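Paired with subunit B in one complex and with subunit C in the other, subunit A is shared by the two complexes that follow.
Let's look at the complex of A and B:
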């Protein structure tokens, strides 16, 4: 048997991992999606200790380490805190074709910003501080795309 | 606190694609390099920490598959999922517990084997965010804009980080992308996610790094030139990007403050000789330097323009070429530590900072620097 590995051509083994998941959203996120479906509003949680309003809502205040027990309802109109225009077809974009505009949007009445997509605006017109509103999907499915996108007010 | 030293380092050259090595092969070569550097055998290693990421490795509990190559048989081995600096912190804590005299810490990634955009997309919340299609580049692009707008910085200014680091890499045999480029080259490179262009982004890389930590007794017995851990700390910020002020790296500020307090550093601008920071993107080097207190918020770009962070400047930053010149995620922070060790031992060749006594190395975890780990290392105890 040949003892020298220098003439071996390294092989590549092509494969993939495909595992279905069922992520239980929990009651807090479920209410967020229910509220979109029924009222076309954004449900947000409020920390009773520091008073901060969180959207998307979550059960725990990251600052105070307490339950966020109170709920408030927001229209979803808000402002762009920061954004990027993706122009390369990054694999994470999936079926979306560039340019795709990701933005962190702070809804009026909230203390946090939420990630979503801006549309119906030319990329070069987007700026921080831009006033935007959510456009809701006609057929809500309990999914983040029940907000189709945000667009200028 | 008992004194802890780094008694050995092992690195393999960072490459776009290690066709000849699987990740265990990389670990085998790196662990043996670290043992040789320390002048010890695997029998002198009391316990092992490996750092890895199951999604990148495409294997459940992938640390189990790297154990053989890391000499774990009949040793206590544990794994950290995250940057290697966090693994090293755990390794140090195990020595401080009194149970072990030495810890071997490794970190590996083969970015070449999967699709980093999909791997980092899965770092986002599956209920609220992931299906929108964000990844590390688009997430950090939003941070870049927030930071640059806050301080009125231009792409020309941030591009200078890429020019400096690719140039420094020409002297580093371990670097993947040594390049002579200009600011105009950076600005002419493909726009990926505004304001980040291709040359503002670190490449996808394969690499592995190992360090060996020891308590004072073992360090004195086993090692001629130990490098001492003067301080180490890590802290975290909120998970959701929208919960944070992305332009304010407050968890880094907090970690640096703790590490400096341990190290007796009261003025980092004067007491640190060299820094290796987590420049996954050009803007990040500037932002992290400010978070580390090496300059005031918003001032790093102008100091870079003055030449302060060049190899022959006041405080060389990423003299190794940094992550812009090769970014094996997970191993990345260990490479930063190992590069500081080379400087403090006076072994950094053409990029050696004369008389370097104190160095700071930084690692991070999470999208846009959610948590940071800061190490202050010293040539003297």
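Let's look at the complex of A and C:
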């Protein structure tokens, strides 16, 4: 057989891996979603040692490495820490169409920010420090999208 | 302090391309391994152990340590797989260093590789983000970087033109590197006129997707001195993770780089990195990082990065050339990318850089970055460290 590979067409096997997962949120995160469903509030945890308030709530303070035993109820109103306006149909947009505004939002009373989507505002009007509030989904499912999006106060 | 001193004694890379349909993964790996063994004038029989890694999910093969033995030469040798997302390549270098420094292995072959063309990059990268809190509102790797660029722009008033200058630099440098995927100069105007992907990032501000592999051989002190005329001594390594959820990030400052670099300078006695270091291979997936991250590294005071870039100091011929290889913007086989930075930094120490060689390199730095803003950093010297 000929040694020369220059005339060989490289083949490709097109495939897909589909793997179902069940991601357990745990009781701490579950309380956050239950609180949205019942009270339209954000449930945050507080570190009794350093006083930091966490949204998303976490069971352990990552810096003090002690359990957080206190809960704080927040309205969800907060400010934009930073943001970007996706203007191209990037794969990460999924079913959303550009422009999509992704923002890190620090809820008033929290020391951390959460990633979410800003809507009902022209992209050029968004700025760091913008005051925003959450708009809750009408049919909460226990997902982060139970906050449909944030919008200007 | 390391138990034993360690040096890089050989490196090898493939010619990096957007697609390598002519070879499968093992064959791609083999090209880099063969080149590294030739560079070190060793055979596979001389190798005591192998560390290999790539990005989770990119090729959908999760037992790479075993599957790759045809290409790696790992048949019947100790092999460990490491994978840490974007930092995989730099983590491999740190892991290989630990293995030799421990005294348990004399010569370790380190391999990073990626066939990025084989799957959906965003689909794979999404799995690095928390499923409950971040994935359903995930903005993608580019948008995450854009949010960092935006935070820094807002604080210091720089523009996308300042960032474009970094892209112009790296793309020009890449023309000197025969291994780089993208070897074409661009102008500031071309960067700014390229499509806006996610404000403030233009298409020509970001890295491509690449198929490629890199191999590095590290040896213990006695062996390194015997087999290599100019080994690149590993002076130290550091890494930091600061993050669980995206909202934890201090965007615009990259804390992981700040703390990792500070630790590395402290334990290697570097007091003025800008003056003491001769070249940096920065894992810089987009142009703004070329400004923000050198500040975090302590090269230049915070807020002064853009001015420093415009001065030409980081160009070839400047006081501290950054990315003589063209860096990540010109070539990004992700699981190999951090190890290419290591190989390129060591190539500079060894004086084997050809057209991309910086004169008289005594100290070189390589870094690694993961999309969730964690950092690896390594320092190499021409002289053996006296600690």
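As a working rule, the second predicted complex is superposed on the first by the 153 of 153 C-alpha atoms of A that agree within 3 Å, B and C clash if a C-alpha of one lies under 4 Å from a C-alpha of the other, contacts with A are read in each partner's own complex, and residues count from 1 in each chain.
Simple rule for what comes next: contacts are C-beta pairs under 8 Å (C-beta built on N, C-alpha and C of every residue); 3 or more make two chains touch, one makes a residue touch a chain.
Keep in mind the model is a prediction, meaning the values are calculated, not measured.
S.K.: Just from the overlay, do subunit B and subunit C fit on subunit A, or is there a clash?
M.R.: clash
S.K.: Where does A:136 make contact in the superposed view: on subunit B (first), on subunit C (second), on both, or on neither?
M.R.: After superposing on A, A:136 lies clear of both subunit B and subunit C.
S.K.: Answer with first, second, both or neither: which of subunit B and subunit C does A:150 touch in the superposed model?
M.R.: It touches nothing on subunit B or subunit C.
S.K.: Just checking: does A:117 make contact with subunit B only, subunit C only, both, or neither of them? Give me first, second, both or neither.
M.R.: A:117 sits against subunit B and subunit C alike.
S.K.: Which partner chains sit in contact with A:102 here, subunit B, subunit C, both or neither? Use first/second/both/neither.
M.R.: both
S.K.: Where does A:86 make contact in the superposed view: on subunit B (first), on subunit C (second), on both, or on neither?
M.R.: Both partners, subunit B and subunit C.
S.K.: Which subunit A residues contact subunit B in one complex and subunit C in the other?
M.R.: Comparing the two interfaces on subunit A, one with subunit B and one with subunit C, the shared residues are 10, 12, 17, 21, 23, 25, 29, 56, 58, 62, 81-88, 90-93, 100, 102-106, 112-117, 123, 128, 143-145.
S.K.: Where on subunit B is subunit A touching in the complex?
M.R.: 19-20, 58, 115, 117-118, 120-121, 124, 126-129, 131-135, 137-138, 141-146, 149, 190-196, 238-243, 246
S.K.: Considering only the defined contacts, which subunit C positions touch subunit A in the complex?
M.R.: 21-22, 60, 120-123, 126, 131-134, 136-143, 146-151, 154, 195-201, 244-249, 251-252
S.K.: Would you pull the subunit A residues touching subunit B in the complex into a rising list?
M.R.: Result: residues 10, 12, 15, 17, 21, 23, 25-26, 29, 54, 56, 58, 62-63, 81-88, 90-94, 96, 100, 102-106, 112-117, 123, 128, 143-145 of subunit A touch subunit B.
S.K.: Per the contact definition, I'd like the list of subunit A residues that touch subunit C in the complex.
M.R.: The contact residues of subunit A facing subunit C are 5, 10, 12, 17, 21, 23, 25, 29, 55-56, 58, 62, 81-88, 90-93, 100, 102-106, 112-117, 123, 127-128, 143-145.
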